[in-house]
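Questions regarding the structure given below will be posed in turn.
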Amino acid sequence: MGHVFTIAWKDLRSELRTKESINAAAAFSMVILVLFSFVLDISGDARDFGGGLLWLVFAFAGALVLNRSFAREQSNDCLDALVASPLPGWALFLGKAIANFALLGIVELVALPVFGILFNANWLRFPAWTLLTCALATWGMTVIGTMFSALTVNLRLRELMLPVLVYPMLIPVLMAAMQLTTALLVGEGITAEDWIWVKLLIGFDIIFTSLSLALIDFILVS
Amino acid sequence: MKNKILMAVALASGLYLVRNLYVILLQLPDEAAQGAIYRIMYFHVPGWITSFSAYFLAGLASVWYLIKRDPRADEYAVALTEVGTIFTMLGLATGMVWARIIWGVWWVWDPRLTWAFICFLIYAGYLMLRKTIDEPGQRGRIAAVVSIFAFVSVIITYKSIDWWRTQHPGAVLSFRAGEQRMDPAMEGMLFHNWFALTAFAGVIMMLRLGQERMQRELDALRRYTHSL
Amino acid sequence: MSEAALDVRAVWKYFGDFPALRAVNLNVARGECLAMLGRNGAGKTTLLKILAGLSDISQGTVSVFGSQGNTTDARRKTGVLGHGIGIYDELTARENLELFGKIYQLDRPAHAAMAWLERVDLKHVADARAREFSRGMRQRLAVARAFIHEPLLLLLDEPFTALDDRSIALLQRLLAERLAAGATVVMSTHQLREAMELATHWALLVRGKLVHKGERSPEIISDPTWVYRNYGEDS
Amino acid sequence: MGHVFTIAWKDLRSELRTKESINAAAAFSMVILVLFSFVLDISGDARDFGGGLLWLVFAFAGALVLNRSFAREQSNDCLDALVASPLPGWALFLGKAIANFALLGIVELVALPVFGILFNANWLRFPAWTLLTCALATWGMTVIGTMFSALTVNLRLRELMLPVLVYPMLIPVLMAAMQLTTALLVGEGITAEDWIWVKLLIGFDIIFTSLSLALIDFILVS
Amino acid sequence: MSEAALDVRAVWKYFGDFPALRAVNLNVARGECLAMLGRNGAGKTTLLKILAGLSDISQGTVSVFGSQGNTTDARRKTGVLGHGIGIYDELTARENLELFGKIYQLDRPAHAAMAWLERVDLKHVADARAREFSRGMRQRLAVARAFIHEPLLLLLDEPFTALDDRSIALLQRLLAERLAAGATVVMSTHQLREAMELATHWALLVRGKLVHKGERSPEIISDPTWVYRNYGEDS
């Protein structure tokens, strides 16, 4: 486990020192928010879209953070240095995923209040559930994002392939998160009907985390 | 020899399909609620099942490739995925025609339909990814991992009618529903056509496999002449 | 004779159907310094990557210090310096070295980091970010990164390329020191003169085949085409 | 003008040979479509948003094509070879813009029918106007996209900066295009009230094309 | 004396506040072959980029063939080969050369392309995409690309780096030919031996200052540190 924290700490430190991708992600999320509000013509009852919109914004803005994760290793062939070291592949993956989770969490923490103000949304109606939903969905995004970032890091057409592969895989998480968030924002909280989405999120997180940990070693060695 | 067997299977599955068509169109009665159009079911349902089976086998081939690094496993994975995608398109097309007639629109954003579309997009992404990687070893490895991830979407699509209330009909096949919900003659016909379509899919897959193998040898030859 | 540092047996490496390495056999004894020669595309980088565990073999076996395959133990004893420097631009010089010190599970990573910064003459910029370094400084930091765990096996891919005399001298000094401590070195290069100052042996790859391995001879330095004329395709 | 076509032809040829970015953009546009429709569907009646949605999709998917445009020059330092040649900067820009326009046009041609089917939209109500709107808006996107792609091509954080810069600049074009498309899809076509949007598009295109042509030389030399 | 090929006067180049070039004066006569030496970070690449019109000057003037600044005419006469090869991977070898033939407005681009493919020994793969080429082949194609318009001024940044003996020999042959045709060559390098086979002059940059320019002397080849000991910071 020491290795995992070494890697997570390294990533967090390099990112927090410059805050480049966090800032970009925060800025980008505002931009998308503005774009979407034009489309939806916020005047009317846009509140119903709240949950959906929020997670779209997170997905697009979060991609900026997740892409940087392995791109950072690429610039000086750092990934080779790590792979040649005694660091196990799963520790590398887990460390990066934890760092990304924390960074996405920060972006969300910035975006949520803004979002709340713009859309008159009250996040504190069901605080525990809201936190749980965010945590589960963000971890799902992180795992898929980190894994595909690793998959595509050495590809010539990385910039093209990443969105084409990542977003469809993310759709289950995003849909569940959207549904739950909307229920938490404007509905009566998590009802029996929404349970399927909670289960979907949990199942998704477990399945993809284990798949990633099992498969990462095949990706890193060329 | 191999080619002859392939030809024979192709011919047999073709004849089988013609025979099935004859039964479907001329012998089976119209369905009570839907009328004549319900017959599209005989292609819609087996089409999807064939497609999903192909994806499943492609997933297995991918696992095999990761374990053994056998290039043939990778060839099977592509060929199977391509066949699966073709049948996904068939399923989408028949479903849309059916929807147009029964529901009056080509498309609704119902969970089953949406997941089926996502499934299609994911496997299309897989095929696209393969085209952008030049080095076969790297291509095989990355594609295999993606294929394993992608199969999760197939499971969700398959189970979506059980998990959500959908506009799309729920399970009707007896092995899924656990009871007889369809006229046995009709269900029997479904299995007949499933069999024919699967044989047909097998033929296409073998053809693609041959092509893929040829392509690989060609690439190698070209590389070799360059290095001279 | 003690067991070999590296034992490569009948190794093939295919990129698709293209054999980048063809039945390579190579035995490197402990304490040897091997210069790997070969034209562009001969397979030097490919072989070094395989030895470093960065790339899979298609056929054959590689053993490092007697243990087969790519064990954690072998990785811990190996230092790698490829084309990329393997340094994080956002971290300071000291943080970079500490990071690798921790990854290689040194007893006192912070201490080792400072000691190595001193040795590559970067102590005065220990807390500056690597991004701000000039090319020469970055290269020196990369060398410290690869040497920090005092590896018993060093794999270097064209280490002298694009370096000036001073950086070359530093690298040669550090390599000589490691060799004196009993380590084994394998490096690929096109710059025969710089390599041959240290090399005890040389090997020649021709289109993926290892056609010769022998001790260093004086002709090789004085005439760069001598190798190819006598052992290569031109012979 | 010979130079312009040399460059446009080179770009078109390299892209059409592999169709990499066109395929990726088409696939990505489908993915976003699914995501958006899910967001909107949570509360039904998505047809009114048709126009808005369409242009959001084009903006996101088009970015993939536009990014590749200068990224293609980057991989082997080709841009340096071109800048050092007697090719004038404006010809380089115009050639690339024309190629991008054609490629975006192809992506739109693929996406429109799919969009029509999925959202039950009829594009042929006012064919001439639809074409004009698409052409004007696409040219606006192309000019901004190509220019900013050139601006950021040598930046370390290109992937981060590009979206943050480009989308805000694009908002006027996108708004105009959304408004017009919605009018053409569900309204009575272009009415007197909509003229302002047409003018906006034309003005935008003229201004940014001239600005880009005038300023490109300052960007290419470092 | 006919007018100089290159005339660099009191050129400064700042990156932010850091002066990468400090009051550089350099005059290169027509037909001269100048090897630009200097340690890592001395400013060689910066100076070459300025001469090629790829980078702006902060202060001073540069004139190429008598015409000041960065005219289209000067660009037409100049061939540049930097670190990147400037080749499009998706196009075939022939298409690449034709493209640059057209950009340089040659009379018969297709003809020139085939002629150069022949000269760099790539005719047999004229219609294969550059992506499939090995490193050596790509480098040869890049040379053809830079030479296709028969430039009167050649600017080369570390042209011999990481090349094998055969590619080096080819490049030297082509350079010698251009020199014989009256062209001027400026190249930066760390590999003195290869460069000095052609160079008629050499210049030394030390931390952005041009400290020496002179004709080539025998000492420089035999001892790579001679330059720095006599003219550099170490002196």
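Per-chain residue numbering starts at 1, and chain names A, B, C, D and E are given in the order in which the chains are listed.
Everything that follows uses one rule, which is that a residue touches a chain if its C-beta (ideal position, glycine included) is under 8 Å from a C-beta of that chain, and two chains touch if they have at least 3 such contacts.
All values derive from a computational prediction rather than experimental measurement.
A.B. asks: With a step meaning a move to a chain it touches, how many steps does the shortest path from chain B to chain E take?
C.D. replies: Contact-graph shortest path, chain B to chain E, evaluates to 1.
A.B. asks: If you apply the touch rule, which chains end up adjacent to both chain D and chain E?
C.D. replies: Touching chain D and chain E alike, sorted by label: B.
A.B. asks: Which chains are shared contacts of chain C and chain D?
C.D. replies: Correct list: A, B, E.
A.B. asks: Please tell me whether A-B or A-C has the greater number of C-beta pairs in contact.
C.D. replies: A-C
A.B. asks: Report back the single chain whose CA centre is most distant from the CA centre of chain E.
C.D. replies: Computed centres place B farthest from chain E.
A.B. asks: Taking each chain's centre as the mean of its CA atoms, how far is chain A from chain E in angstrom?
C.D. replies: Centre separation, chain A to chain E: 47 Å.
A.B. asks: CA centre of chain C versus CA centre of chain E: separation in Å?
C.D. replies: Averaging C-alpha atoms per chain gives centres 30 Å apart.
A.B. asks: Express in whole angstrom the distance between the two chain centres, defined as the mean CA positions of chain B and chain D.
C.D. replies: 35
A.B. asks: Multi-chain contacts in chain B: which residues touch at least two other chains?
C.D. replies: 118, 121, 125, 128, 132, 134, 137, 223, 227
A.B. asks: Any chance you could list the residues of chain D touching two or more other chains?
C.D. replies: As it turns out, chain D has residues touching two or more other chains at 18, 20, 24, 27, 31, 34, 38, 75.
A.B. asks: For chain C, give me the residues that contact two or more of the other chains.
C.D. replies: 41, 56
A.B. asks: Touch graph of the chains shown: is it line, ring, star, complete or other?
C.D. replies: Topology of the interface graph: other, matching no listed pattern.
A.B. asks: Can you work out from the touch definition every pair of chains that touches here?
C.D. replies: According to the stated criterion, the contacting chain pairs are A-B, A-C, A-D, B-C, B-D, B-E, C-E, D-E.
A.B. asks: Hey, which residues of chain B end up touching chain D in the complex?
C.D. replies: 96, 105-107, 109, 114, 117-118, 121, 124-125, 128, 131-132
A.B. asks: Which stretch or stretches of chain C touch chain A in the complex?
C.D. replies: Against chain A, chain C makes touches at 49, 52-56, 72-73, 75-76, 78, 80, 82-91, 95, 99-100, 102-105, 145.
A.B. asks: Taking the touch rule as given, give the residues of chain E at its contact with chain B in the complex, in rising order.
C.D. replies: It comes out as residues 124-125, 128, 131-134, 137.
A.B. asks: Okay, in this complex, where on chain C does chain E touch?
C.D. replies: Spelled out, the residues of chain C in touch with chain E are 38-41, 134-136, 139, 158, 161-167, 190-191, 193, 224-225, 228.
A.B. asks: Which chain C residues qualify as touching chain B in the complex?
C.D. replies: Going by the criterion above, the answer is residues 14-18, 41, 56, 58, 207.
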